[in-house]
Amino acid sequence: MPTDSGKTRSLNEGRVSLDADRQSRCGYPEVVYGEGKSLEAIAAIFREQLSVSQSPFATRVDPATANSLLSEFPEAIWNQTARTVRIGSSNEPLGSVAVITAGTTDLPVAEEVAETLSWMGTSVTKVNDVGVAGPHRLPSRLSEFQDSDAIVVVAGMEGALPSVVAGHVGCPVIAVPTSVGYCANFGGAAALLSMINSCAANVAVVNIDAGFKAGYLAGMIARQTHSSPTN
Amino acid sequence: MPTDSGKTRSLNEGRVSLDADRQSRCGYPEVVYGEGKSLEAIAAIFREQLSVSQSPFATRVDPATANSLLSEFPEAIWNQTARTVRIGSSNEPLGSVAVITAGTTDLPVAEEVAETLSWMGTSVTKVNDVGVAGPHRLPSRLSEFQDSDAIVVVAGMEGALPSVVAGHVGCPVIAVPTSVGYCANFGGAAALLSMINSCAANVAVVNIDAGFKAGYLAGMIARQTHSSPTN
Amino acid sequence: MPTDSGKTRSLNEGRVSLDADRQSRCGYPEVVYGEGKSLEAIAAIFREQLSVSQSPFATRVDPATANSLLSEFPEAIWNQTARTVRIGSSNEPLGSVAVITAGTTDLPVAEEVAETLSWMGTSVTKVNDVGVAGPHRLPSRLSEFQDSDAIVVVAGMEGALPSVVAGHVGCPVIAVPTSVGYCANFGGAAALLSMINSCAANVAVVNIDAGFKAGYLAGMIARQTHSSPTN
Amino acid sequence: MPTDSGKTRSLNEGRVSLDADRQSRCGYPEVVYGEGKSLEAIAAIFREQLSVSQSPFATRVDPATANSLLSEFPEAIWNQTARTVRIGSSNEPLGSVAVITAGTTDLPVAEEVAETLSWMGTSVTKVNDVGVAGPHRLPSRLSEFQDSDAIVVVAGMEGALPSVVAGHVGCPVIAVPTSVGYCANFGGAAALLSMINSCAANVAVVNIDAGFKAGYLAGMIARQTHSSPTN
Amino acid sequence: MPTDSGKTRSLNEGRVSLDADRQSRCGYPEVVYGEGKSLEAIAAIFREQLSVSQSPFATRVDPATANSLLSEFPEAIWNQTARTVRIGSSNEPLGSVAVITAGTTDLPVAEEVAETLSWMGTSVTKVNDVGVAGPHRLPSRLSEFQDSDAIVVVAGMEGALPSVVAGHVGCPVIAVPTSVGYCANFGGAAALLSMINSCAANVAVVNIDAGFKAGYLAGMIARQTHSSPTN
Amino acid sequence: MPTDSGKTRSLNEGRVSLDADRQSRCGYPEVVYGEGKSLEAIAAIFREQLSVSQSPFATRVDPATANSLLSEFPEAIWNQTARTVRIGSSNEPLGSVAVITAGTTDLPVAEEVAETLSWMGTSVTKVNDVGVAGPHRLPSRLSEFQDSDAIVVVAGMEGALPSVVAGHVGCPVIAVPTSVGYCANFGGAAALLSMINSCAANVAVVNIDAGFKAGYLAGMIARQTHSSPTN
Amino acid sequence: MPTDSGKTRSLNEGRVSLDADRQSRCGYPEVVYGEGKSLEAIAAIFREQLSVSQSPFATRVDPATANSLLSEFPEAIWNQTARTVRIGSSNEPLGSVAVITAGTTDLPVAEEVAETLSWMGTSVTKVNDVGVAGPHRLPSRLSEFQDSDAIVVVAGMEGALPSVVAGHVGCPVIAVPTSVGYCANFGGAAALLSMINSCAANVAVVNIDAGFKAGYLAGMIARQTHSSPTN
Amino acid sequence: MPTDSGKTRSLNEGRVSLDADRQSRCGYPEVVYGEGKSLEAIAAIFREQLSVSQSPFATRVDPATANSLLSEFPEAIWNQTARTVRIGSSNEPLGSVAVITAGTTDLPVAEEVAETLSWMGTSVTKVNDVGVAGPHRLPSRLSEFQDSDAIVVVAGMEGALPSVVAGHVGCPVIAVPTSVGYCANFGGAAALLSMINSCAANVAVVNIDAGFKAGYLAGMIARQTHSSPTN
């Protein structure tokens, strides 16, 4: 295998290569997508990142792997609902994001959003169970989220919540459709289509169940809002 | 053509046959779907229905045909936005239904709903332009629709409005997705899918742009609510 | 977690909050969607509802959870086919609804419809196995369902039954497509599309397998028909 | 262009080649699909077929082309609704097929079915406007179609009619979904899916608006039923 | 449960009712769809049918149930590949049908076709493994199928085989798309769409994996071809 | 029509109501979606907004209407490619956004993005015609966009450009799929699906051809980045 | 606009930039996609290419634009069926490709394939009207195409022809689905799905109606086959 | 079973027949698709092929079957990631193909591509983990793949990599969408649609996860490039 001009460090396993320059280029270290990766592969990346003082973060980690990681890295934080394992935060605290859910089935994705934000060093406010069919719930909690730098809304079923939230605020709203719901929602496609067609101008959408991506985007916006502009 | 045991009167044109017993069987006379029908065919049915004291109602009538119908039947009511022509009402006044729209592009379908209700003898309350992205609009008009016997909600785009309306009321909500909207909504399929996945328990759905059907169902429920039960 | 101005009682588990005002606002108490909820979460809501004299109702309850609920609440009624557990009825008896199925594979959804109606205090008539391919079956049972206040039709495959039923009656018909059938029906999408395109004016549709929703809507219509109108 | 071992006669226009052996191989001559073909191309095939004593048949012919064909071939039969032009029948009379429609919008496709059958020499019985929402219509006309050798059912919207017809008879039913209907039916896809999922065992399906194909299959079955078996 | 004017005999289990008049009305007895039915339910129908001298036939029977049926009915024929159990044939031998497959993955569906035909009393010729990518295979076996009364073609993947077979013969071809194939075929939807769009006029289509339906239709056509016409 | 507690001023036309408080609530005045609106309706809103010192902005304006608006409002800016008309900017200049396109067919949407940003008071950098099939184009222009506060990428066809752009930068990327392209792209659905599945963590998506929405979100992010945080 | 390090020459119109190095990098000059481009834009590129001795080629050119191009460039070849205009060939003659069509409606796409090949300097053999429903047509013309370096198969409807052709040859087959056909083929999606699922190992697929792309790939393969390898 | 004129040798199992002439007709022996085939069936074909000096190759072989094959054929090569078993190569070494992947989840498909090429006697260069979100990865490895005779690109998610690779090279690119990815990609349909819409002219597409097919086509092109042309 050729040398990638110093940018990529080859790990033992041969298949995993760490993009160590990512933090300087993008502001945050590389994140490990755990699904299908062996414990050894994930642990190798964690060791590598710690050796260059980067904060490791892995998503979609199954319980057995998570437990083993905790044995080697006792300082790691495992969020069982979110299926994430991380060590510390990649940056100093800056900005705040609200994570809003429609119902309890949306919690695993919402927790992945929250862990991503915590890893980025962004403050998180959770507003759960405020689906649109309970019309008084969301307005009664307006004060908790209306001054956020960005908002992530996690919802399945008809995917109406992001539009309603967006009407109450003047910041960007990132919508995440979820695949698990009360009835047949075609694997999240109904919510995805609904969110893409939102009548609210300040709503953008990420993929079904893509909690990490939504958290990453919201955290990026929140941190920009509080950083000293460079240009 | 065989005789249908007295139930069907053959009209001149040969292709249209009136189901004259429909009013006694279902409570309302037959309705003429105007698209693709000639002026003569529609006029023949109107004459036939008037001769047996039924109230004619035609939907999807183009302007030229509507104008010609008005010449022969000066008492007819042509709603240009709804594309309907009707003569009188089929029943005495009973019950009330609210017709709620998200935006101005939903008005043609909403007017078809309203004309259907007027033809059935049901009182109509129109609540327009209360899309979910303007969060204060719907609650400020709650008193206008919360005591309706049934509600029809007409919406395109993300189709979120029926779920929000349903959370405010204790009566059945009929949702109509619309095909015309601000952006690509896949001919109304996005709103249809969203409404079918509504988290509110009191929402049922009819086809895209099916204003007549929604009005007919809502009117039927409203009239049942105010009739003396027969069983 | 903030206090929701007295409207929401926080339960022990932290994740479940009961909308106790729902009965006065909508006419019926909150219903528990059991899928993914722990026994403890469901039992906590049941206790809470009983303490305020509301009738508990849970859908999509797995057998193990149902058995445990019966131990604590011996008066509960577990319908194994419907996968529901309820205690009593939320209202005094009023109105009648027919639940019609095409074939035996539709029975679980139909039983969920029937349990919902029983919980609401609506009388249920079951007409099973009258699919359209046996042409003499439905007409021979007309007297059983033609005077209903509303009808729920549960069907998979081609979803033709609601249209045929609707032609025989003058009341609203709620159609429920089912996902389980004799052959590939694309998870119920074929029946859903068919029902949405019904040529009968008095048919509205709910989501695939959404027995609770169909029962709730039909029960609401039936009760309105027999209540003294308030407006 | 190479010689196709005597089987294909090249016509003047260069692009059209007649499969003259088709009648002996398949029982019927080649049929001209008129859409996009010039008058001269169609006329050339007609002349060629008449010169070898075959009966010409063209489908999807626009009015201008049809009028011109009638000038050259005064014995031709132009069915304006079906958009077909034919000269005589390809075979002696044999067998009978019923063509059943749900509503008036299905007539153009049904007429294409009927013309195809007439061209094949099969007797046609037309049973129009017996959609499932008028429950008494179909049974009242049972005697007209129950002894057919095969039945073609043409229907749009929910596509329920073929299943209902099939339950009344013991012969094959060919179902044709139509694209033109009362509301959004996704170009006929809803009816196609519905028919493919028919619960009746004796229903097979052809493409949307494929009147010729349905007529051809039904005619083939009807003729086989009355021919002396050869094997 | 009401009495269906003598037409339906209620069996012990309560949920299964035998349509005993079906043989006189449609020519063949009722068939048992085994999926989800208990051993007792199937056995009860078998006993009932034998008591009125009808030939029982069950499809989609799992191995355990099939073994138990064989214990009670030792004369039964269990085709393990087809997943069918039958006792005798419903009619005297008449007509012949070819069942043609593209590849080995199509065999389970093809065997269901063949068992259906054998139960109907129709002679079966099997032509396996003649997919279109091996261009010499099908023509070399032409003599085996070209004089059939009808042909069933079972194919997955691109679904091209029915069109090719149809070009060789002058009888009806029933196409069955299969869901199991070499690669991602979207559960058979690719083959279904392809077959529905067949350029051959003598191809009709049934549902994905619907071996019983295809066999039933082909058997019906074959028997009609050899029966003395009654009209 | 009821009074909406002072929040909504009713205009002459009756159908259009201005949300005048929107600027204080969301930071920007209401925007007019011009499609289907009459000249008089748009002009009335423009007059109303100017009277309360808001900057009018209308999208999807046809040429005839635009010309008439310019007659009454000579200071208006009509961008013919973008189909927008605006008067001034709603805010003082702040922040910068790059708008990147894959090919020339994406220009109308990109111009709508740019006009939206100009109306918001955000500086715009246009980087056109850097589709991924020309691999040297994008990197050669990196310096033009890498320090943007946010980036909008407009692309049709395979929708690959947003992922590639996102890999080069550390700011949020808003992706807009376009419906007009070189070949069949299913009305933009191919690009939409591709962008939703982007492997880059900093990409969110808006609807097909939704230039206004993308510009609005990007402008909101850019302005937040340069405003003094308020929380 | 920045200077792209000499690689891109800006033309007058401002929006079109010629990738003049493309011939040395990819072997062929840039091709002009004519749809939506003005006459002046196309003519400017043609002049620019001729000035650097490249052979211009434009696809999707409407008749008016083509006629005007012929006035300025009398040596240009306009293929009206293909909608292409080209001047000369970009390379010396090398290799041969067969272009095979199922029916006459496929000719416009096939001609675009052929013009692309001629412009590349590849010899073309056309084999038209050999759809699979005429089983003797393709084998009878085998000698014309079996020694090609690559084959392009253009087909709509069920898209079966590429699989059948591929079984006869040992070279790569490029399949092009077409959107125009005899019946509803969902805009070419049926043929596309069918071809993607081809059971033949030597079939790859390009987009619906993508004649240029298919020709370009086939020409590239043919020329490679006859060039002296460089590696 | 009839004798297929000497072309097909029937094996013991009865269901598998070897197309022994395939190597002379197409250049390579038949390949065994292992899914659903018994060990005995695969072993029988291997023995048969070895007896006529052909190189056996089986894809989609499960581990148990692979282990048993290795016991009988110790010279066989089992690639566990690719799920393939082969013995030797079918041809002398000729040509070279690069296999490029976006991420680690694409490796099983890429290994199937590579094994296919090795079996064909084509040299393979693997370039892994160069997804478009890491913008510097692909260009830094350009020298490894830019002189290939053909390139296979394996990618899931947004499927952007083939377009980017194609812009760098002048040879055919075969794109393989994969079904396994980081998030919901609708079973590979998103990547498939994206690749079919590639803006690069030299990209053709095979089915989802179709590693064998992509390798076969690329190998065929590579070998043609280095063979002495025969026509």
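So that you can tell them apart, the chains are marked A, B, C, D, E, F, G and H in the order they are listed, and the count of residues begins at 1 in each.
By definition in this document, a residue touches a chain if its C-beta (ideal position, glycine included) is under 8 Å from a C-beta of that chain, and two chains touch if they have at least 3 such contacts.
Since the model is a prediction, treat every value here as computed from it, not as a measurement.
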From the options C-D, B-C or D-E, the pair that copies F-H, where over half of the contact pairs coincide: C-D
Reference chain C; chain at largest CA-centroid distance: G
Longest centre-to-centre distance from chain A, chain (CA-based): D
Length of the line joining the C-alpha centres of chain D and chain G, rounded to whole Å: 37
For chain D paired with chain H, centre-to-centre distance based on mean C-alpha positions, whole Å: 45
Centroid spacing, where centroids are CA-atom means, of chain A and chain F in whole angstrom: 26
Geometric centre distance via CA averages, chain D-chain A, whole Å: 58
Multi-partner residues of chain D (at least 2 other chains): 134, 182-183, 186, 189, 196-197, 201, 207, 213
Chain G-facing residues of chain H, complex: 25-27, 31, 96, 147-149, 169-172, 174, 192, 196-197, 201-207, 212-213, 216-217, 220-221, 224-227, 229-231
Residues of chain E defined as touching chain G within the complex: 102-103, 131-135, 139, 157-160, 163-164, 166-168, 181-183, 185-186, 189-191, 193-201
For the chain E and chain H complex, residues of the former touching the latter: 104-105, 107, 128-129, 134, 136-137, 140-141, 144, 180, 182-184, 186
Chain D - residues contacting chain G, complex: 2, 4-5, 7-8, 15-17, 19, 33, 35-37, 179, 187-189, 207-210, 213
